[in-house]
Amino acid sequence: MSALLELRNVSRAFRTTLAVNDVSFAVQPGELLGLIGPNGAGKSTLFNLIAGVLPPSSGQILFDGKQVTGWKSHDIARVGIARTFQIPKPYRQLSVVENVMLSAFLREKSIAGARKLAEATLADIGLADYAGLPANLLTVGLLKRLEVARALAMQPKLVLFDEIMAGLTPTEVGAMTRLVAELPARGITVIWVEHVLYAIMKTATRMIVINRGKQIAEGTPAMMARDPAVVKAYLGEEMILA
Amino acid sequence: MSMVIPAPISSRRIPVLPKRGQISWFEIVLLVMSFGLVVSGIAPSLQDVILLSFLFAGLGLAWNIAGGYAGLISFGHSAFFGVGAYTSTILLLRYDISPWIGIWAGAVIAGLFGAVLALICARLRGPFFILSTLAFAEVVRIGALNWASLTGGPEGLSIPPMASLVGMVFASKTTYAALMLGYLVFVYAITKGLEASRFGYYLFAIRDNEDAAGAAGVNPLLGRTAAIALSAALTGVGGSLFAQYFLYLDPTYVISPELSFQFALLPAVGGLGTAIGPVLGSFLITPLSELLRSHLGNAAAGLHLVIYSLGLIVVMLYFPTGLAGALNKLTHWRPFR
Amino acid sequence: MSTLLQLILSGILIGSVYALMSIGLTLIFGVLRIVNFAHGEFLMIAMYGAWAVSHLFGLNPYFAAIAIVPAMFLFGTVVYWLVISPALDKPHLVVVFATMALSIFLQNAALMAMTADLRDIPPVFNRSISIGPIYLKGELLLGFLITILCTVGLQWMSKKTYLGKAIRATVQDGEAAMLMGIPVPRIFLITFAGGSALVGLAACVMVPLFSVFPSVGLNFVLIAFVIVVLGGMGSIEGALAGGICVGVVQSLSGYYIAPAFGQMFFFVLFLLVMIFRPNGLLGQQGAAMVGMNE
């Protein structure tokens, strides 16, 4: 089975610092890949490379067998990769449903069609009550859910979740974890960066651990919990396991 | 003594202002009133004010497509005004081409200038974008001033005042007023159409959060270029119409920072990012401007600009959503809460 | 050969004067994160003031600085209180429109008060100072010296005084500075007023070299912005380096390329820098990123 996303020897340097150092991995369709690592490990940079915000300094990125190295973010989006932003970026002067409609336009070209898709997505995420509200009135927790809604409205093949649990209440974490866990069954492959470890350990089918720009471990969540290199990287941080 | 409980006020708001993409009774009333003004046969001096109000409303709307909808605030739009005006006038004077056709040539050329500006400013945001629009307009002005063989240089160009339908010169101010109202309705229709379209939403997204728009598949450079080019083309049409009315063009008036400022002032006062805003702004400010000009004459050159700019400062600091925003707040006032 | 040297040297000198008028702008940019579109008009007002003081009291403009610099500090304070401060917590375009309107207001107020006639003051030095085959205008040399002294003084203040450190902290992170007990609103006021005072000093140096008229600000504000972009926002040494670059380019191109470029030069230079190096000479965060949605 050919990989959906493939990174080959991808590196990204900022002046003299290598934020991402020779990372290679493949993601198969239907996987729920967890990407964890201590702060500053380079996970966000890696996301930005895949999402087209930054070009890699070296290496290749392939999606669905096609070379997408160095593509800009709007072309990456059109080819089927959606992403959320760690710090939410809503369209503040538009309403919640209009925020999602923008993403829905990728699939539905008419205003009515996009609105329907947006409303359905909002219902999925539990934001239907807020549909007409201006986005600048939402709290951070709701904005994070809006980020997820926007990504899903694009009906992507691959979605990149960037710390979507931060700022959510425990109930919301539970609901969001269930939602994310269902996505592979709906045909959406997931790459998930997260610090709320118990959520990701419960749902991921495979995990990659990054530290200082390099991959230091790869395997199932259970293996990660026992891997000495991983424990060392997280030294000083509490690991909460399900 | 029993308490008197006031009857509940109906919570259904009566919207005064048009919602995005929909026509409201307010707009229809305004349109009918405007049309009435045109055909009613008021004194010619007032007719000047009326037709200029229509023209500047259209120009404000055109500016608003880039400035209010796409968030690209330009203080150099008089360059497009001038390019449109000069194109149609040169085609008329040199090649006998009727302005009814020349206007569209002017729109195309102005649109091209707009696209060039957008490309120059592709990597610029915020204040540097704004300054670049200023610099661009000055380059165009100085170019027009120096390229005398094409534009007549500082002497400018004059259109012979012979009334003719083909030549778009009219003896009666009423006809001009109808023409300008037609322009206003034309640009207004385009604006409303934009609001209700996917492209309009793309512009709002680019304005509100360019990064998120890119992640949703919107190409920011394409959106910006299209917005500025459209805005420029429509401004150019207004320029051509002005040339046919004023019958004289010279670079220093037609491509000036003061004129550019006015194009931005009207939407800012009326309400950026709304369709009705520039119209309200023009209907308020243009008559004021003409009033000041006629009473103070040229004795105090620049006084009317002193008054506007002060007025704009006050409006910006205390009513940043403009007239439209203020009217909106009024309709939410519940007397018995 | 000596022509080239002459051009380069006078370019450096005039560039330093340009730098002096840009330091205020770069500091305001760095600290308040706003663009003062009326910066050129501040310079214009100060130049009129310097001209007036020279004219009325027969002083040379360098002595006029004693009056003009504090007057501009006061002027900056008033503008800050009335226009800038209320605009700071509003959406960004409010400050844009407000300072733009301020610019139009000042230009036209000057037009009403002073008419469009050019104002000059007679040269301060009777002949150029000659160093070997090179002739340098005394006013330019003095301007250069004043700029260097000013830059050195500001650098010292920036590194050694509390105020300087507070300003640098605010440039880096205003919120963090506030949390550390730095009175950021007062820093804003001092920076804005101080920047205006620096513009006043620059005006006194420039009045012997340039005529004053109500719209003279437009040319200079574009130069100032080029300098700020090239040198990096908030950087005083950057402003000096950028200024010298611009001065040398202007000097050389005025001679070797068609002088008919004339008026257009400032604007074309500005646009060229914006197209090719919006991130400054050294690739710092600059024009390309300012004003990106927060």
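Labels A, B and C are assigned to the chains in the order they are written; within every chain, residues are numbered from 1.
The rule we apply is simple: a residue touches a chain if its C-beta (ideal position, glycine included) is under 8 Å from a C-beta of that chain, and two chains touch if they have at least 3 such contacts.
Remember, predicted model here, so these are calculated numbers, not experimental data.
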Would you identify the chain whose C-alpha centroid lies closest to the centroid of all protein C-alpha atoms displayed? B
By Cα centroid distance, the chain farthest from subunit A is C
Mind checking the centre-to-centre distance between subunit B and subunit C? Centres are C-alpha means, answer in whole Å. 33
Chain centre separation in whole Å, for subunit B relative to subunit A (CA means): 43
Expressed in whole Å, how far the mean CA point of subunit A lies from that of subunit C is 46
Mind pulling the residue numbers of subunit C that touch at least two other chains? 293
Which subunit B residues sit where two or more other chains touch them? 208-209, 211
If I count partner chains per residue in subunit A, which residues reach a count of at least 2? 89
Hey, which residues of subunit B end up touching subunit C in the complex? 73, 75, 120-121, 123-132, 134-136, 138-139, 142-143, 146, 208-211, 257-258, 261, 264-265, 268, 272, 300-303, 305-306, 308-310, 312-313, 316-318, 320
Complex interface listing, subunit C residues touching subunit B: 34-35, 37, 83, 86-87, 90-94, 96-98, 100-105, 107-109, 111-112, 218, 221-222, 225, 229, 260, 263-264, 266-268, 270-271, 274-275, 278, 287-293
In their shared complex, at which residues does subunit B touch subunit A? 196-198, 201-202, 204-205, 207-209, 211-220, 273
Which residues of subunit A touch subunit B once you look at their complex with the stated criterion? 51-53, 72-74, 77-78, 82-83, 85, 89-94, 98, 101-103, 105-106, 109-111, 114, 150, 154
